[in-house]
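Multiple structures are listed underneath, in C-alpha cells.
Note that subunit A is present in both complexes that follow, paired respectively with subunit B and with subunit C.
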Partner chain A sequence: MFDFKYRFQWRQVINNLPAMLDGAWITFYTALLSMVIGIVIALTLLSMRRSNNVALRSVAIGWVSVARNTPALLQIYFLYFGLGAFGATISSWAALLAGITFNNAGYLTENFRGGLRAVPETQTRAARSLGMTSFQAYTRVVIPQLLRIVFYPITNQMIWALLMTSLGVVVGLNNDLMGATKALTDLSYRTFEYFAVAAIIYYVLAKLTFGVARLAGWKLFSY
Partner chain B sequence: MFSTDLTSNDLIFLVQGAWVTIELTALAMLIGTVFGTLFGFVRASFPTASIPLAFVLDVFRSVPLLIQFVLLNSAKSIVGLKISPFTVGYVVLGVYAAALCTEIVRGGVLAVPKSLRLAARSLGLTSLQDTLHITLPIAARVAFPGWLNLMLAVMKDSALVTWIGIIELLRTAQQINTRINEPLFVFFIAGLFYYVVSWAVSQLGNQAERRLQND
Partner chain C sequence: MIEIQNVHKSFGDLEVVKGVTMNVNKGEVVSIIGGSGSGKSTLLMCINGLETIQRGSIRVDGIEVHAKGTNLDKLRRRIGIVFQQWNAFAHLTVLENVMLAPRLVLKLSRSEAEAVAVKQLKHVGLGDKLKVYPGRLSGGQQQRMAIARALAMSPDYMLFDEATSALDPQLVGEVLDTMRLLAEEGMTMILVTHEIKFAKEVSDRVAFFHKGVIHEIGSPDQVIGNPQKPETVQFLKSVL
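Entry: the complex of A and B
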C-alpha cells in the first residue's frame, strides 16, 4: 500500500540544534514581551471600557472585538503589508510582535473583565474614601487583586502567544524557532525531521512555561 | 486585461476563498465534534485510565498548528500517501478541534450532577440510556457556548492552511494584494468576512445560550 523509500536523517538536525535553540530563545522572549505589553494595554483598555467617555469606550470595545473576531495571521498581515501603505515599513519581527500584542491585549481585556467581577466594587469605594485618587485606587487596590484572579488565564494566554509567534515565518521572520527551522529545511529539504524536532522544542517550551508559571503562582499567591 | 483595480473577478475569487474557509471549518468541526464528544465522555468517565489519551490530546494543543500542518503534509509525502493538501488541512484542524472539544465536553459531562445520573440508573435506565438520554442533553447545554467559541477559533485558525498551499480566504486576499498592491483595502475585505461571520455566530450563540438557560 505504501511506497516507503524515505530515509530519515537526524544527524544534521542534531548538528543544527544550537541554531534552533537560539531561535527558541527569540520565540520565548517575543512571546514574553508581547504578554507584558499586552497586559499593560489590556489594563488600559479595561479602564477605558469602564469610563464614561463614549469615544474611549468605543475604541476599547472596537479593539477587543476586532482582535477576537479576526485571525491573528490577518492581523499580522495587516500590520506588515498595511503599514507599508502609509510608508512605514516595519520589520517582520516588529509586525509579529505588534500583531500578537494587539491580539493578546484583546483577549486579555475580556479575561480581565471577567476577573473584575470578582473584585467587589466596595474595594474601590473603600480606597477612594481613604483618600486615594481614582487612578491610585485602580492601580494599587483593584489591579493587584485582579492579577491574582486572572493569573491562570494569563498563563494560558502566554502559552498561546508562544505558539502564535510561529506565525512570524509567514511574513518572513527567519530567526525565531519556526523561522530558523524553515531556513534550515530550505537548505536541506529535510522538512519532516526538522519540524518534528521543532515541534518537540515548542512542546517543551510550552510545558516549561506552564510549570514555571504554576510554581510562581504557588509562591506568589500562597498566603 | 492587465488591470490594477479590484475587478469583479477578484470578488468572485475572494468568495471562492471564503467558501474554502467555510468548508475547512465545517469538515474540521465535524471530525472535532465526533471525536471530541467521544473522548470527552471517556475522559469524564475514566479520569485515571484515560490519562494517556489526555497526554496525547495535550500535545496537539501545545504544538503550533502551523508545524502540525507541515508535519502531516511532509509525513504523507514520506509514506507516499496520495491525499490532497486540502485533506491534510481539515484532518489537522479536525484533530486540533477534537483535542479542544474533548475538554469542552468533559467540562459539560462533569457539570451534570452525579445524583441525577444515579437517579436515572435507579429508575431502571441502563448505563447507555443514562448517557444518551440524561447526561448528553444536559452536558450539551453546558458545552454549547464553548463549542461555538471553538468553531470560531477553528475558522480563524483555518487561515494557517495557506502555508501548505491551500487557496482559502486569506490566501486569495494576499494574491489579489500582490497584484493591485492595496493591502489595507484587500485585507479589510477579508477581515470583514471573518469579522461578520464571527460576530453573527457569537450573537446567535448568545441568543441560544439565553434560551437554553431559561428553561
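Entry: the complex of A and C
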C-alpha cells in the first residue's frame, strides 16, 4: 500500500555543502545586521512614542502597528516590487534586509516599551539631578538597564530574524542559505535531501545563536 | 543663597505648596520637618527644577530656577540632591556610579573623574567598595554612595529628601554620620527629615511645614525645644 520508490542521494548534497555553508554565513550576518539596525530604530521609535509631539508619536505608532499586523512576506514584497514600481530599484538582499529590519524594529519597540516600565522613573530623575541632559540620562542610565530586561526578547527576535531571512528567496535572493539551497534543488531536483540539510543548518545556527546570546547575556549582565 | 518667594505648587487640583517664603544662606543648614503630605519634599524638588511651580519664584545665587531661559542642566551641577530611594544606577559599579556625571557633564577625563570619585567615596567611607555593584551593598551603603555621587559634582548646595526614611533602623546612623560630616565641613544643606533629634543637633534653623505652608521657623531650640504653635507641639509630640 505504501510504495516507496524515492532513492535518496546524499553524495551531491555533501559535495555542495560548502556552498550551503557560505549561504548560512550570509543568512547569519543579514539577521545580525537587521537586529543591530532594528534595535537602534526601536530605541528611537520608543522615545518618539513617548514624546509630546503628536507627529512623532503617530509615526512610531504607525510603524509598530504595520510591522506587527501584516505578513513579513508582504513587507518584503512591497519593498522590492513596490519601490521598483516607483523607479527606486533595490537589490533582493537590500529588500530582505529592509523588510526584516522593519519588522524587528516594530516588535522590539513593543518589547522595549514593556521593559521600560521595569526601569524606575526615579533613575531618570537621579540622572537629571546630576546635571545630565535627558538624552544622556536615556542613553547612559535607562537604556543599559533596559537592555538587560529585554535581553531574552531580543534573543528570540534574533532567532526569528534568522529564520525569516529565508523569505529572501521570494524576491530572487540566491546566495543566502535558502536561496543557495533553492538554486541547487532547481538544478538537481534532489529537493528532499537539500531541504533536509538546509533545515538542519538552520536549526544548528539558531541553537548556536541562542547559546552564544546566553553566554553573552551572562557576561554582560552579571551585576 | 537660595531665595524662595511665595512659591505655590499644585498637582492637578491639589495644591501641595501654598505660598512658601524662606531664604537659605551660604553655609547654613536648614531642616524642614512636618507630617506626610505637608509639601516639604515637593518644595525640595522645585528648588532644582525637577518639579515646576505655578506661582512665586525660586532663585539660586540670583538665577531664577523656573524662568524660561534658565539652563537647568547647568544649574543642577551646583545643587546636589539625595533621594529617599537612593537610586543607585544598578548597571554600574560604585566607582562608575560616581564617575558618570563628572565624565558626561563636567567633561572630565577618565583619570580626573576617577580621582574625584575615589576621593568622595573615601569621604563617605566606601573606599573599599569601588568595584562592587550597588546590588551587593546595604541600603545605608547605597545611600552613602548616592551622597558621594552628588558630591562628585562639587555642588554648592546639598538637598536631602528624607535620606534615611527608607533605611532599616540600624543603617540610619551611618548615613546621618555622613550628613553630619558634611554639615561640619560647612556645606549649605537643606534637609527634609523625620529625624528630629538629628535636625536639632545639626541645623542652624528648623522650619515646620504644615498643610503646605511654613507654620513656624527659627532656631532648633525655638522650634523643637520651645515650639509656640499648637500644630508644632502636636507634631513633635507624635514623632518624639
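Here is the rule we use: the second predicted complex is superposed on the first by the 223 of 223 C-alpha atoms of A that agree within 3 Å, B and C clash if a C-alpha of one lies under 4 Å from a C-alpha of the other, contacts with A are read in each partner's own complex, and residues count from 1 in each chain.
Keep this in mind: a residue touches a chain if its C-beta (ideal position, glycine included) is under 8 Å from a C-beta of that chain, and two chains touch if they have at least 3 such contacts.
What you see is a predicted model, and the numbers here were worked out from it, not measured in a lab.
Of the two partner chains placed around the shared chain by superposition, subunit B is the only one that A:170 touches, whereas subunit C remains out of contact.
Look at A:114: by the touch rule set out above, it reaches neither subunit B nor subunit C. Set against each other, subunit B and subunit C differ in how many residues of subunit A they touch, and the higher count belongs to B. In the superposition on chain A, A:211 contacts neither subunit B nor subunit C. In the superposition on chain A, A:85 makes contact with subunit B only, while subunit C stays out of contact range.
Touch criterion met: A:73 reaches subunit B, while subunit C stays clear of it.
In the superposition on chain A, contact of A:62 is made with neither subunit B nor subunit C. Residue overlap on subunit A between its contacts with subunit B in one complex and with subunit C in the other: absent. Against subunit A, the residues of subunit B that register as touching in their complex are 59, 62-68, 70-71, 74-75, 78-81, 152, 156-157, 159-160, 162-163, 170, 173-174, 177, 182-184, 187, 190-191, 194-195, 198-199, 202.
Against subunit B, in their complex, subunit A makes its touches with residues 2-6, 65-66, 68-74, 77-78, 81-82, 84-85, 159, 163-164, 166-167, 169-170, 178, 191-192, 195-196, 198-199, 202-203, 206-207. Partner subunit C is touched in their complex by these residues of subunit A: 120, 122-123, 125-133, 136, 140-141, 144-145, 148, 221, 223. Taken in their complex, subunit C has these residues touching subunit A: 48, 50, 73-74, 76-77, 79-81, 83, 85, 87, 89-91, 93, 100-101, 104-105, 133, 135, 146, 149-150, 153.
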